[in-house]
């Protein structure tokens, strides 16, 4: 047998470490050392994003879960709430008010929207936090109030929060204490559109987005509308004008454009558990071709491990990223001259939630960004 | 018990007879009399549209199947090809060359695209024909040649063929001998857009359509790409620029506009057996509001049995029309001022194929249009 | 065109009227006349079995719904609860206490188990009632109390109630005022086993049943366990020892055997909306062969419209009966000598619930048993 | 931050190394050293089991794929055949006749049944081989000939081949050069039944098995019967008497029993991609209780990483093992005295195929058995 090649001795970070852009970087806080353990609390562990954090961390070499909270399931074993994870050695669920954070270095906050602001306000200051709710995603607290129907409850934290779209805001995330992890739709939309807008390759008017989501996006709450019998074998649009991810997307695109962008956004719920496809219909700037869009996305994401521009006319399928942290995308010519169609796919629970959250905490801890995230998609 | 109310004595035509627009009409050929039997041939009966014709006709009071062809299954019983229909008393499958048309009044032609032109050319002249293939849908045989890669093989029949979008071309269909039954995407798109374009309520530029189809649209051919394992739990776009339904839609919209219309059309295949949703992003004409669109569609389809504009902000779901001949639609305001979003849903095998075919033959035979079609959707 | 053949003038009763066994029969009460309207109340119309009654009756020539109740949805239109049925002209939902039964001839009672006994007790005496709950299925009220945890609340009605397994108890049902419509599992199991037991062709010991149900069997209640995300792409057994359909099956088999039968029964929930398969592993009586079982089932069900023994080694598929009132079944040789395997399939909402209920009320009204039930299965 | 605990420095082998039974063992051939690379060939890489090997090895620290064959796809990139794995750096596909084995240490043979015997005969002698086909599973070549319709083509290799049911035959597998990887049904059935039979806790007569499989078990071949449209939303039994996994199961049970065992075996195909459930109805030996069965399985599998006996009355769900190498099982009391019901679930592509294959090659190479296999199930 041959000797193992250089760079393969560490399982989970092979291949991408070399190309990772973070090497030139010195974080403000001393990074966790290689091999050192980071003690993790998962708040709101009884929902799907919480369970997904647990699944991903099962193979993370340095993150270890020491606290798990779930108010309505307090006292239960995690394996009774999520039997697919019974083999994991985990702390029992406690109510958040009973959680002991003295043994914790970092927090994944998987609580419902609205409740999170006050809870995070109450956490010890030294903790690093990735919040998977929408509570800190909108920089403008007036916009927050408008979309969520109540005043923001932690405006000072909002100032501090960094928006966690990893590939776009990597450097800010590294230095952050509190990261607002992006929504699933916003992740799948901004990854292709932000660089194209920054490069002024597409027009800001008439950006039309038809997006399709799997049902895990709706959470684990018991609702008639999400029963198997109501969802299987069908599709429907919802929240056509007023989906709460709209201001988040418009914030990101407007910043990239340095001018206000208003999008058309139609989300659809389809009969799949995981997966998200965003189809974006855009007008190109004068003189710009589809090939220009393609080349710009190619150079933007060339070194990235988790964002992949497909070759040629290959169409991204949601099935091809399930269970992984990948975003696959591609650009297509439209029949209408001057227009292009961009399609991106992610697993809404991974790159659209818990996977990107782990990616962000890796960065915040000075660890390789892909640590614990090298799951290949599960297909079929 | 009370006496049965007037209008309820005939099962399958209740309710709609009164409102049906066909009463003022005198067809050129004498219509089949009430109670008289129409003998039907189904050509290409081993595919899904053929089976669906059989299912629908099981309760048609005047159509009776006397001939069924399926070249590769010749000699077999239909019930061995489609075991869900074993209870039906049907003729055995024969090769098309062995079919005896002396006992036939009308034909549903469910053959693959391309083969149909010559076969229909060879049928006895007195037969009424509804062709479910794409072979006679494009009026311009040059356009046919361009999209299908070979010269049209029956240009004289193409002249005669009437495009069978029932609600739009009802009068022409009544007098037709040969009807080209519309494709599924074109049906779902033209039903809302043709009246809006005719009324000049929407602009002709930048009509963007994102459509989603169930897998029966791909037929029963054994292809790796359509295996359960490849399709379940996912979505992907396909034929992004070049789907063959594009020229059919553009033909219909251009005629309505009396000027050439070019659409953006992105079809998606999703993990459901039946169902189709078309989402249409349009720019309204200056001064027009979403309410104007709604009112126009409302008055257009008010008397129709099979086209239903939903109330208020109700969103059409594909699940709510499965198994039925209905098209449900609605109109929504876009976030971008001056734009509207229109959503329509059909069962691609019924209103998008075999149901509309039966509806058309009913008309051609002078029968109530809804005869044999009053299946309510199967939900859940 | 030829003249319509004799026997085809009435759509919905063709073919089977001639072979229907009910012709020799004189019901105690004068049957409803042909063409006369039967006014129907549907109690508990907001669940799946209620909606299915509405779907089936849409094409019933003599049943018309005049009252619909749904306590929690009182005041709503039925079409807002079940949008797939918006085209139906139906009375609004009322609370059961506000229902006016003066305009009602017969009742489908689709209420939850347990609440039904007192409600039916309070209904006017002249109404004919088909109860789809389990409340009157167990003849022995002690057994009821044991399985349902409370004393029976209408023991005098229990005496009167006739068990509605149509093909087995047709004559009793014709004369009944109150029919206890069978459960879905019991229907799929008793149809094959009761005749085999009566004929003493199979042993009474070690009857092992592995059954699989679609999720509509669990109703429309919002439960975490029945979310799309929890159910899709999987199977699990449940209620392994204590499913409440067990005493109902054992009652039927014991009566057929004229001796107590104890079964092994393992139900499974699988990721499909409709459908039920029961696989029965039985020991044959000494000297009996699989062919004997087959022949006996064949002669038992030869004239039946809704129970079909498949030919040869054809295996019943749940997909082949969806949306229809059929039960398909077949018998197979086991590898273990002396044993046989019997498989039956039904649509749990039709033959397993609402379809059989309509079939029973047809009988009770002296109408052709298949009236309004001639839906062919919806496949694919 | 705390120092990382002992035993956590290596990602993929944590927890279970300590309890792994292989430490007392000295293999005949020197094991591969920690960190040394094993070069792997995957033969027949264009099927689902081949793709699954690639997915699993993506995180294997010591196995590296250097050769991939797929005759009909020779010359293509693996990522064009399985786009979900495009991020993997893999050799191009070659025809098997062109494969260069000089750079290979071990082979996963994922070829179709029947072709494998001659191909393996032609491979270099020094290679270690795990064959995922059925070609070497039956020790008795006469039985092979009977079930597969042709004489065995490599009887001398059959003598050498070790049956790869890891937890049952671990020691033999460690010393093997050629391992016949078990079938999916046989894995799910033998894991619970072999120890119970060995301990004489269940009777050998009347072992009745009703098993349910996902559709990946049928492979990637383009067959009408396996189209999405034919499979979705349904279940059917198949191969009721003659499934080819029967002799494999009977071989294993007979060896455990030291006497011939004949089973009743009914496989079902259900609408899910991955997953398998086997339900086993057994008669207990006189005086034995369900608790005895439970305790014996508990002690048998106590130290095992991949076989888990659930607590209490928890029912194994197929969804809870998808994507992982786990087998979950439990034992239940039957209503019929003296009988028990045993349910086991696996992912048919992992523990039922490629996962167990990796587990076996780990053993054959002297590596920790769980290396590269610590994927937690993907739920939902």
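Order of writing sets the labels: A, B, C and D. Residues in every chain begin at 1.
Throughout what follows, contacts are C-beta pairs under 8 Å (C-beta built on N, C-alpha and C of every residue); 3 or more make two chains touch, one makes a residue touch a chain.
Only a predicted model underlies this, so the values are computations on that prediction, with no experimental measurement involved.
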Need the most distant chain from subunit B, centre defined as the mean of C-alpha atoms.
D
Taking each chain's centre as the mean of its CA atoms, subunit A sits from subunit D at a distance in Å of 34
If you average the Cα atoms of subunit A and of subunit B to get two centres, how far apart are those centres in Å?
42
In subunit C, what residues contact two or more other chains?
48, 216, 229-230, 232-233, 271-274, 317, 319, 322, 380
When you draw the chains as points and link the ones that touch, which shape shows up: line, ring, star, complete, or other?
complete
Name, in rising order, each residue of subunit D that touches subunit C in their complex.
205-206, 208, 210, 212, 214, 229-230, 232-238, 240-241, 246, 262-266, 268, 270-275, 277, 279, 281, 313, 315-319, 322, 332-336, 339, 341, 343, 380
For the complex, give me every residue of subunit B touching subunit C.
1-5, 8-9, 11-12, 15, 32, 35-39, 48, 51, 54-55, 58-62, 64, 82-89, 105, 216, 232-233, 273-274, 305, 308, 310, 314, 317, 319-323, 326, 374-380
Subunit A contact footprint on subunit C (complex, rising order)
48, 215-216, 218, 220-224, 226-233, 271-273
